[in-house]
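Here the structure is laid out as structure tokens; the discussion comes afterwards.
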Amino acid sequence: MAELVSDGDVVALEGFTHLIPHAAGHELIRQGRRELTLIRMTPDVVYDQLIGARAAKKLVFSWGGNPGVGSLYRLRDAVENGWPAALELEEHSHAGMAAAYWAGAANLPFGTLRGYADNDLTAHTTVRPITCPFTGEELAAVPAHRPDVGIVHAQRADRRGNVQLWGITGVQKEVVLASARSIVTVEEVVDELEPRAGAIVLPSWTIDAVAAAPRGAHPSYAHGYYERDNDFYVRWADVSRDREVFTAWIDRHVRGTKDVEEYHRVLAEGGVAA
Amino acid sequence: MTATATYTADEMMAVAAARRLRDGDVCFVGIGLPSLAANLARATHAPKCVLIYESGTIGAKPASLPLSIGDGELAETADAVVSVTEMFAYWLQGERIDIGFLGAAQIDRHGNLNSTVIGPYDHPKVRLPGGGGAPEIARSVRDVFVMLRQSPRTFVETLDFKTSVGDRVRVVVTDLGILEPGGDGELSLTSVHAGVDPDQARAATGWNLHVADGVSVTAEPTGEELAALRQLEPRGGV
Amino acid sequence: MAELVSDGDVVALEGFTHLIPHAAGHELIRQGRRELTLIRMTPDVVYDQLIGARAAKKLVFSWGGNPGVGSLYRLRDAVENGWPAALELEEHSHAGMAAAYWAGAANLPFGTLRGYADNDLTAHTTVRPITCPFTGEELAAVPAHRPDVGIVHAQRADRRGNVQLWGITGVQKEVVLASARSIVTVEEVVDELEPRAGAIVLPSWTIDAVAAAPRGAHPSYAHGYYERDNDFYVRWADVSRDREVFTAWIDRHVRGTKDVEEYHRVLAEGGVAA
Amino acid sequence: MTATATYTADEMMAVAAARRLRDGDVCFVGIGLPSLAANLARATHAPKCVLIYESGTIGAKPASLPLSIGDGELAETADAVVSVTEMFAYWLQGERIDIGFLGAAQIDRHGNLNSTVIGPYDHPKVRLPGGGGAPEIARSVRDVFVMLRQSPRTFVETLDFKTSVGDRVRVVVTDLGILEPGGDGELSLTSVHAGVDPDQARAATGWNLHVADGVSVTAEPTGEELAALRQLEPRGGV
């Protein structure tokens, strides 16, 4: 991963409530990445961590909260108070983000949607009107997402590097295909990917690096492997609310661990609080 | 059958919203009260309601209330699971959804909603999570149902930010009563919940709330409704 | 079906090499439908039959041949000689047709693609340039397909009318979602649609009518049910080549049968020739 | 190992095209000769070639030659099966394909192809099936391979219709030899198959075909290649 992500890159770690690539996000913090532009439809705890650890200079997003709990305090502190650094925002709707990923995967410079009309977001984001050349209707165009690096977590890879994920698959295929480089962490590497209902497969040749990261989506879940750690999300609010508590937590659980296994060991020892 | 059992304000809200769903309605639901209301409708008078969560699950049939819109049970019980790009392009923008539920931090008299910021956008006092699916839900579904506790901080004269437009808002269910748009599009109080005086609702509103002629009293939750609700939410409350 | 399809309608019977709705096409011929605008990426034998039986006034398509065999003689006779009636063509590339279906399903008036540049098709079809409002690049726009009626064949439906298909699923989801009305014929109706790898499900509320039509995709195939009748395609050339042989064949196998079961019975008696 | 066995012109064409595929190449293939060539490469020197059929099958590994691009075996052996809309948007337009094979009814000296009509478009002498995927294959893949029997009716001075552009045509494999574009983009004869004189190829070409300096003779199919070919196509021939 150190070779594939550089300071200043545009990076999308995606996962729509499921298979969120926490382990990969932690690795970015360990490597001390800086000045990243982070893209994600639903930035939640791992983006709160990246922002609080000063890895980001800009966030491109459509909903930034702690799902079912409330605020992401590190995100808010960056936006409201510029701590630990000012955070530039490029805000979209979910539909706009989805269209931008679609366009990126399809190698088009923009996506088209019915949206962004009559609301205040239009004035604060990168969206432009586009006219249908047949009907004259005015629609909205959003610029394609073309991240430097796309990062997702999946259930499995085979030994040739083909990746399989199932359950809620979100925009994971799109982010891998839209990105110049892509990294996939997986729960396990298996000999063969047996077909599964609802599964998508990303062929090995669309991916630059595959790494095993068991329980690498924690505290989100991996369908068929483990459940969402709902308590973690609730307790995260207490860690995230305070700068010092947060920093101590990151130092101990992320900067102070070498990989996802050690992260889980430390977590089991001490609970979520620092 | 009248309910004599006590119930919470959230339960009253869920029941009032659920009753407005018709059997077979296709509902775009978020987590919390909307999910509770739609699942209650499915468990009672509207078993053929179709629940769609923006995470991509179409026709989800959760036995208990999901804690996140991406819970595994939603995918397991769904008729189909689609990508999020497909969900927003083919299903929401495709105008296949009858009912969309929205919440917000602020609402104005026209049903416009703010879930973006309190204070100026560039220097917010409070940075809220943002619109998510709301901007397009508000303009793509047939009927928008808003569920929101009523207070002068929330029901405001002027939004700090307009995240979504109110044109399709058909009902606002609050902890005090029910608001519906009149012919001029302005929300007025059409029902108060049991024990609530219309003046209480007016006091909890930042604009001069019009009370409809013949404002009714919302029927209290029935025992059956409460039993179904609590079955969905074993821990009691949302 | 008689209620859902009227003379003059724009109708798309789709199936990309697999699950081609032959039985439904035959029903349109039996009902004597006229002046249809027929849409399909790969019009093959069933469209040759509809055109030769004078059901069509216009064809919107991207590849019209007998796959692996050669010409569709009824299509050619209509285009080259106006028999049994002149056939207007609106010709696209596959990519253009796919983008048009995508746009139709997504309720957009047009689809965007990199295509139609530097070839002669542009002058003979409905495509217009569109400029990216961000990069200034010029791309091609195609008008969305919004058929009056979309017709597909699938493996299964459950008793509530949910439809499941798997294997090569082509543009079937798109045509159902893009159309004002939709009809699905299925191999069988079952109590429950058990999940299957690679399957898509169309919910009952997106479909106007579901009808059982066992072996209704013949001579194409239904993955998991029966194989492609490759000989039929080869022999079709001999039927299709001659107006009288063709008409006799249609009279006997389609107009002279009441449904797909009788069609198969007659076919088994007499082979493909009239 | 030289082959003394007899072989057909189609087999020579398949072998000549297969040899140009590199292991790991991602190939967009149609039915017939291209499918034979790509599968032959996979069975011999390029086992990691990825075969993509426009029907949506990615990484298909058929044991014998499919008769249609939608054969069930392609779906069963594929790494992934995607919708046709996704195939053209994400995979072909996404420029993820190294090699695209094309045939045609006519080719000109620049590799432009016609598979649409003979005669005027509005009053064609012969209405051909049409371009299908060709227009975008020709401009989206890295290298276009054309496979086409050579005759003055097919190799023409002027196309009746330009279905696809020749910019990315890197090789034209015929029953007589191999043509490749020079620095000026014009195709010239760079190899003749065993027993073919360059003048035969010139006579079978409707333009004044340039013969490259040092035109070579295509190596005949080896026994191994023919065995692998015939394994794919048990009935012998395409």
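A few notes on this one:
Every chain is named by a letter (A, B, C and D) in the order it is written, and numbering of its residues begins at 1.
Operating definition for what follows: a contact is a pair of C-beta atoms (placed from the backbone, for glycine too) under 8 Å apart; a residue touches a chain by one contact, two chains touch by 3 or more.
Computed from a predicted model, the values in this text were never measured in an experiment.
Identification of common neighbours of chain B and chain C yields A. Interface comparison, A-B versus A-D: the higher count of C-beta contacts falls to A-B. Chain A and chain D, compared by their mean Cα positions, are separated by 42 Å.
Chain C and chain D have Cα centroids lying 28 Å from one another. Those residues of chain C in touch with two or more other chains are numbered 102, 107-108, 113-114, 173-174, 198. Residue positions of chain D touching 2 or more other chains: 89, 93.
Each chain pair that touches appears in this list: A-B, A-C, A-D, B-C, C-D. The residues of chain C lying in touch with chain B in their complex are 102, 105-108, 162, 173-174, 177, 200-203, 205-206. Taken in their complex, chain A has these residues touching chain B: 16-18, 41-42, 61-65, 67-68, 71-72, 75-76, 79-80, 91, 93-95, 98-99, 101-102, 113-121, 124, 167-171, 173-174, 198, 220-221, 223, 227-228, 230. Within the complex formed with chain A, the chain D residues making contact are 24, 26, 50, 58-59, 79-80, 89-90, 93-96.
Considering their complex, residues 31-32, 54-57, 67-72, 74-75, 81, 83-85, 87-89, 92-93, 116, 121, 124-136, 139-140, 161-165 of chain D touch chain C. Contact residues on chain A toward chain C in their complex (touch as defined above): 107-110, 112-114, 126, 128-130, 132-135, 137, 139, 141, 143, 195-199.
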